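One structure, pasted below without further comment.
Letters A, B, C and D name the chains as they come in the text, with residue numbers starting at 1 for each one.
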Amino acid sequence: MYIEIINEEFDPWQKLVEYKRSQLKEKNNIGACSVFLGTMRDINSGDAIKSMELQHYPDMTEGYLEKIVQNATKKYKIIDSIVLHRVGLVNPSDPIVLVASWSEHRDEAFEATRQIMEALKSEAPFWKKEATDKGFRWVEPEMQSSEEMNEA
Amino acid sequence: MYIEIINEEFDPWQKLVEYKRSQLKEKNNIGACSVFLGTMRDINSGDAIKSMELQHYPDMTEGYLEKIVQNATKKYKIIDSIVLHRVGLVNPSDPIVLVASWSEHRDEAFEATRQIMEALKSEAPFWKKEATDKGFRWVEPEMQSSEEMNEA
Amino acid sequence: MYHSVIIMVIVVKYFASISDAIGKTSEQIEWQDKITAGDIWADVSKNIKYTGKVMVAVNHEYVDMSYLLSENDEIAFFPPVTGG
Amino acid sequence: MYHSVIIMVIVVKYFASISDAIGKTSEQIEWQDKITAGDIWADVSKNIKYTGKVMVAVNHEYVDMSYLLSENDEIAFFPPVTGG
């Protein structure tokens, strides 16, 4: 497991490749890797977004993400998972979150990455503040009842 | 949409980054990218696998993968998807298949990539022949009735 | 009296274990009259012992064994796929 | 007659729109006797107009408003999260 809170722009694919190379090199039983990358869109709720401030709860965030990954590991037979999350000032098209899970078979990797993302979106202590032409505003949370319409 | 059948070892992440950079650079509405990478395991059905020959139906494969991607595009609101699939002689830990989907929100990217992978596994004309200590053997297909136990 | 006889030329392809069992990867067959995918399979498989499931594609689209072929069609027989 | 009075020191943190509404990111409060998360929220929010949902964590674990605090606990109040 690897969790990282990152305070500057990062290259998610390079991070992924480096982790795989350094930590999972000998894992020849890996048959599947499911990756999710969330990036900043330049529009939200109909308004152009110039930039975004990603706040978090430093003392809680990393431990809480560990717990989310542990829960997925308990439920699905995965070999490893990582979560990287950006904080600070974010610009459109910047990577925000990278989740990756490796497993022997595809179902476990798909489900673990999905579960980690859903838990992260609804529980991990991050908050987005958007800069629009009208000023700053805190992003409204997703509605819990309509998972189908979730924001990425 | 981009489909590629690849006859030699390839770097899936480099392919992904290059495609994103060259084809999706201006797409600032992308908020989500779901990627699946299938790699060759060194063991299958309890036997060590030394290498694998990936056969396909050249005249049919690419067009069929296009159709699979079109079906996913019709069903989910995605911005773009790609499928890359290896053929020829494959060694343990080599990449076999890369599927990636980009969308505004995470649900669509997750679902599209998953649907493309499931259709590819059950319909795209590829066949694996494994080399074990006991000789060559064609890989048995997944049982349709137990998706949970699917091979990656 | 003569009747005109239509001879169809059909390309048949085999893949994976079915290609191994039949001992070739493709052949061209000629046939008179109406012919289904199942007729062709019955003919080409009559001397082999392949007991698995058979998938059939005509002109690169899946069809079932009742599919009626036309001149210059390409038909392919193969076992269930195992890619990905 | 004196009774002994237990004074608890509790660290309170605020995030995002709740931090904006309260006008600070953290404070230390002292309290006698049994106290729940809800008691603290009622006290610290009495002069603000925040009407949204409030999430509560004590020592970095989610709890509900009935949670009973102990000496040196860190309690945090924040709106629903919006990361990812």
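What we mean here is this: a residue touches a chain if its C-beta (ideal position, glycine included) is under 8 Å from a C-beta of that chain, and two chains touch if they have at least 3 such contacts.
No experiment lies behind these values; they were computed from the predicted model shown.
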Intersection of the contact lists for chain A and chain C: B
Distance from the CA centroid of chain B to that of chain D, rounded to the nearest Å? 50
Length of the line joining the C-alpha centres of chain B and chain C, rounded to whole Å: 28
How many Å are there between the centre of chain C and the centre of chain D, using C-alpha atoms for each centre? 74
Going by the touch rule set out above, which residues of chain D reach two or more other chains? 84
Of all residues in chain B, which are in touch with two or more distinct other chains? 38, 106, 117, 121, 152
Chain-to-chain touches, reported pairwise for every pair that qualifies: A-B, A-D, B-C
For the complex, which residues does chain B have touching chain A? 13, 16-17, 28-43, 92-93, 103-107, 109-110, 114, 117, 121, 147-152
Hey, which residues of chain D end up touching chain A in the complex? 13, 15-17, 20, 57, 60, 62, 74, 76, 78-84
Residues of chain B defined as touching chain C within the complex: 38, 54-57, 59-60, 63-64, 85, 96-97, 117, 120-129, 138-142, 152
